[in-house]
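Listed below are the structures to be examined.
The same chain A turns up in both complexes below, where it pairs with chain B and then with chain C.
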Partner chain A sequence: MLNIKKAIAILVAVASACIALYAAPAMAHGEKSQAAYLRMRTLLWYDVEVSTVKLKVNEELVMTGKFYWFYDWPQNIAKPDLAFLNIGIPGPVFVRKASYINGVSGTNSTSFDIGATYEFKVILKARRPARVHMHALMNVSEAGPLIGPGRWVEVTGNQSDFTNEVTTLTGETIDLETYGLANAIKWHVFWGVIAAAWLLYWIFQGPILIPRYKTVKLLGEDADDMVTPFQRTLGLVMLIGTMVVVVWSYYDAHKQYPVTIPLQSGQVSIPALPDAARGVNAEMVDAKYRVPGRSLEFTLKVTNNTNSPIRIGEYTAANIRWMNPEVSVAEPADSHDPVAVNGLKYEGGAVMPGETKLLKVSCTDAAWETYRLAKLIYDPDSRFGGLVFFFDEEGTRSVVAIGGPLLPVFI
Partner chain B sequence: MSAVQSAITTAEQQHRVYKAFDWIVIPIVVLVLIGAFHIHFMLTGGDWDFWIDWKDRRWWVTVTPITLIFFPAALHYLLWTNFRLPFGATLCCAGLLIGEWMNRVINFVGWAYFPLNMVVPAEIIPMALILDAILLISRSLTVTGIIGSMVWGVIFYPANWALIAPFHVPIENNGVMMSVADLIGYNYVRTGTPEYIRIIEEGTLRTFGEDVTPVSAFFAGFISVFMYFIWLGFGKVLSRTTWVKRL
Partner chain C sequence: MFKGINALLLVLVSTVSWGHGGVMNEGNECKLRVGPYVMNFSGYQPENNDSKQFCDDMPTIGKSIIVLDFIDRKLRDMTVNFRVIKATEAALGTAEDGVVNDAELAQTPFFEIPAKEYPTGTMTVSQNFTEKGHFVGYVIVEGENEKFISRFPFSVGYPPKGIPEALKIPIAFFFVVVIVMVWFLRRKPVAFNEKQD
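Now for the complex of A and B:
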């Protein structure tokens, strides 16, 4: 007969072992899990590139790109009044040597303008060997991380070779990997030894719990007499000794480091780039998402105020690109770079200089499902957004943000 | 003659049993204490203690002593009123540091690869030794609460300056002056902890200029006094033997 208890115990043990032994590496950073309207109508990244995808420890990688703060910002998401340009990686695989937004150092947090475009550059130095999916990332206060396109990057070599040397304003060259550590450990060990001695002194007084408990109850109000004069003197020595060491260490540290500053917590304000639309205006007339065909279809009223005919080459939203290969060609950078190389088609042809025209655009790809953008119709604010890239005959690009309500078509 | 007889018949046997009781109970109490105090401090002190670039002269100085005095106060009540043992604070703080060092070395360095100097915990043993010493000398929880808790808060910053002073040396990074701690925080990428999330240097004590630390430290000591007595009360409730008797 089956022993139920034994069977359950074996099952629990096997399940625990499986969970404990199989810890799968993280393959992504939740870029698909954020709500579709959030990804399409907050921060729109484009032109994101990395200088290399394979490098050795101590070598540098540069990530560059642009981002646009969508004009139709969702009401229920905090605006980017306080934000920080970051990198999405699993722990410090790299150290960030420098970051710039429109050429201004991104060391501090920043406020951004809705409807404005900025370019960024982050210089990273490889620190430990790993193969990671790294993302551009913008942390927005009260809104959370807004994740940009990711790239697989492989770092080879040995972490023990890594150094992160800098020179302080007092002229000392230090390695940030280990700086101050020996001193901190020294003090922790010093006080730890004294604490251990203090505890062991009392614990090795003999059996302490039951006998002392009984004595306290027996002596009642006179229980304080259990503390001997020697022990009180010991307490006094420890009190004075601790105070002396604390005061001495404080002034000694001042002597060793006469020039110190408080932690810095400033913010900077960075002007936006010039308007990337460059005289092209596009208004949304209508838009629908065809569920069976996995296709976004929208009509744009486009006015061309430039001196050259323009055509649509690309639509991008939520870090996915739908390309019109007749105008602009792009290939996926790696296995996790969502590019629909032939995903965009439109009717209406070129828009001549000074002309206003209706263009019917369709963006089709399985990415609507695999990247969970089709879930937009179940969001609390079913409006979509994105960037449309127009190209003139010389390949000059105009970037125009579009967006509006989206109707689903189920049949 | 009673049907049930004690197995202990001699003083020597009794001594051995008492000693065995100590060896069983004390390690269990220490482990429970490390776990409970560590969780408490991660939830209340958290980032201020995790990161070197959170250890500022306003919030870290204020938050840490106040949230740290809870467990030492409760244990003071338990160990002093029942056993006249004056090591509750040292036991708590030493236990917490053991847990913190394990956490920093295994989790922060071993799993997440942060450099250890970025995540060194604050030094809290001197405060604990002083609190215990004042209890031993005064033999009074009231005196310990008033004087000891005030000193507890006041000496936290000077006791840690020897550790953190090197990290406050100025440095230039791409045209911006930062402390070494700021630069470490900027260099070693924390995806979920952006620069602005740090609660540092915020407050309205600008009248005091750069001498804000003593004010923060005295405030921490003042609040610690109240917290000490509140947690003595928790200690009193939690050290009742009512439930044990029922068992």
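Now for the complex of A and C:
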């Protein structure tokens, strides 16, 4: 007769194995792998710069920039009530010396306001030689990492030269690269040896795994007799010994280091920057994505409440920039910087002070496909977002967030 | 039985990459390799399939759109020539599909987009295929001191043969389940020895 429970259990195991084995390798990483709506409607980064792209071990690099928390936040993504500014680098090539958000230390986690803009600054110190693609990164609790623009940076020199010295509150200078390392190794070895000895002892004490299971079934109520009085005593000694060592080590550590601060358990609140729109208002009238042409076309109703005529110079979303070179010029910082240098065109000209006008904008580039933003058309609501940069005659910039639903078209 | 399961698992895990000549389906993206450079290859038949994307073969005749998106930025500074030549047979599914044939290139193409630069990184090709047939596509990219040619045979109007892609995994999974169920039905239940007094 078929043992149904056992058959179901094995079927589940086989199904799990099939799914696990079928998992195809990831063909992208970082900026391309996240869903288009997530990249366009959560955190929008701009003005991100690095102080240098080539440095030696022990030299410092400063990354600066701004980010805007998009007003039309997706309902299925946790809001940034608890977030931490970070830098995404493959491996410990740098150590972070300091970070600031609107000039406030970013050591602690922070809560941010939707619809607000902040500026950041992160100071890093080169630790080991490598060529890495580094990103600004915001870790949002329950939402995950929101990735900013990346830059290729090369570190040269020798890792053995690296030092990371700090002075503690008590005036002691320590090197964080090696501080406490010997102690950590000592305790790992200590517990590893005990665990291995305990495991080996039981491996050689009679049957194990399936044979032991069968023996237990065979002995029934007398199965406890398999454990000898000596083994029970040994178990008790191990239990008491472990508890004594753990308690003693805790009090010893507390005695040596009476003041410790768990940094990431704190949370600070940082006021946002003043409104970057500076009196310019832009509403989305309609939008469509021209599939074969790789072009987003939208109509904006723009009201200029400033004292100078304004024109559109740039549209940015998902760390990709579409430039209108007649107004604002930018070149790719490196081979992986997605800047469409001539990707933005619009009809309608300048918007005069006090005027409200419709502007027809098109943002064209292969990046819609190669950076997987076009996948947006398969979303249930196909909503997009981004920042439009207006410039007045003196080059002063107004940054306005726009967004809404778009329709895919083929003609 | 385990050999059968292993064979099925290998079939499942071998769906990562396939293609005709220069066009490769890698993961969920269709890519065209031209020398050291890579483009995304997308085929559309908007009158028949709305926004569905095809990788080289077009399942029906009618208006078709092929879009090449340059992944490598350097391609934006190079000229791209796209030409399609009529062929007598379908793609072989072997490495031969990608071998450039000079005699083919010398023929008058069925249609051609002359060499030109594409600064936005996107090349769009529209063509109305009025009857079904087999074709060979050529993409020729040329820069200051370099020239690369990619060949990819494709067919128009021939629906994909064999099991539809979307059904392969469910069918394979179904067979695994059936085999496992049969194996358990054949086995006698395990009975533990009674305790001896």
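We adopt the following convention: the second predicted complex is superposed on the first by the 297 of 411 C-alpha atoms of A that agree within 3 Å, B and C clash if a C-alpha of one lies under 4 Å from a C-alpha of the other, contacts with A are read in each partner's own complex, and residues count from 1 in each chain.
Note that in this section a residue touches a chain if its C-beta (ideal position, glycine included) is under 8 Å from a C-beta of that chain, and two chains touch if they have at least 3 such contacts.
The structure presented is a predicted model; accordingly, all values stated were derived computationally and were not measured.
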Applying the touch criterion given at the start, work out whether A:S249 contacts chain B, chain C, both or neither, answering first, second, both or neither.
first
Looking at the overlay, what does A:G343 touch: chain B (first), chain C (second), both, or neither?
second
Which one hits more chain A residues, chain B or chain C?
B
Applying the document's definition of touch, where does A:L218 land relative to chain B and chain C: first, second, both, or neither?
second
Give one of first, second, both or neither to describe whether A:V14 is in contact with chain B, with chain C, with both, or with none.
second
Chain A-touching residues of chain B, taken from the complex the two chains share:
15, 18-19, 21-22, 25-26, 53-57, 81-87, 90-91, 93-94, 97, 101, 111-117, 120-121, 123, 125-126, 128-130, 132-134, 136-137, 139, 155, 158-159, 161-163, 165-184, 186-192, 194-198, 200-202, 210
List of chain A residues in touch with chain C within their complex
1-3, 6-7, 10-11, 14-15, 17-18, 21-22, 24-27, 214, 217-220, 291-294, 332, 335, 340-343, 364-367, 369-370, 377-378, 408, 410-411
What does chain A use to touch chain B in their complex?
29, 82-84, 86-98, 100, 105, 107-109, 124, 127-128, 137, 139, 141, 145, 159, 164, 166-170, 172, 174, 176-181, 183-185, 187-188, 191-192, 194-196, 198-199, 202-203, 206-213, 215-216, 223-224, 226-227, 231-232, 234-236, 238-239, 242-243, 245-247, 249-250, 252-254, 256-257, 259-265, 267
Across the complex, what residues on chain C touch chain A?
5, 9, 12-13, 15-16, 26-29, 40, 42, 44, 46, 51, 65, 67, 69-71, 73, 119-122, 124, 126, 169, 173, 176-177, 180-181, 184-185, 189-190, 192-193, 195
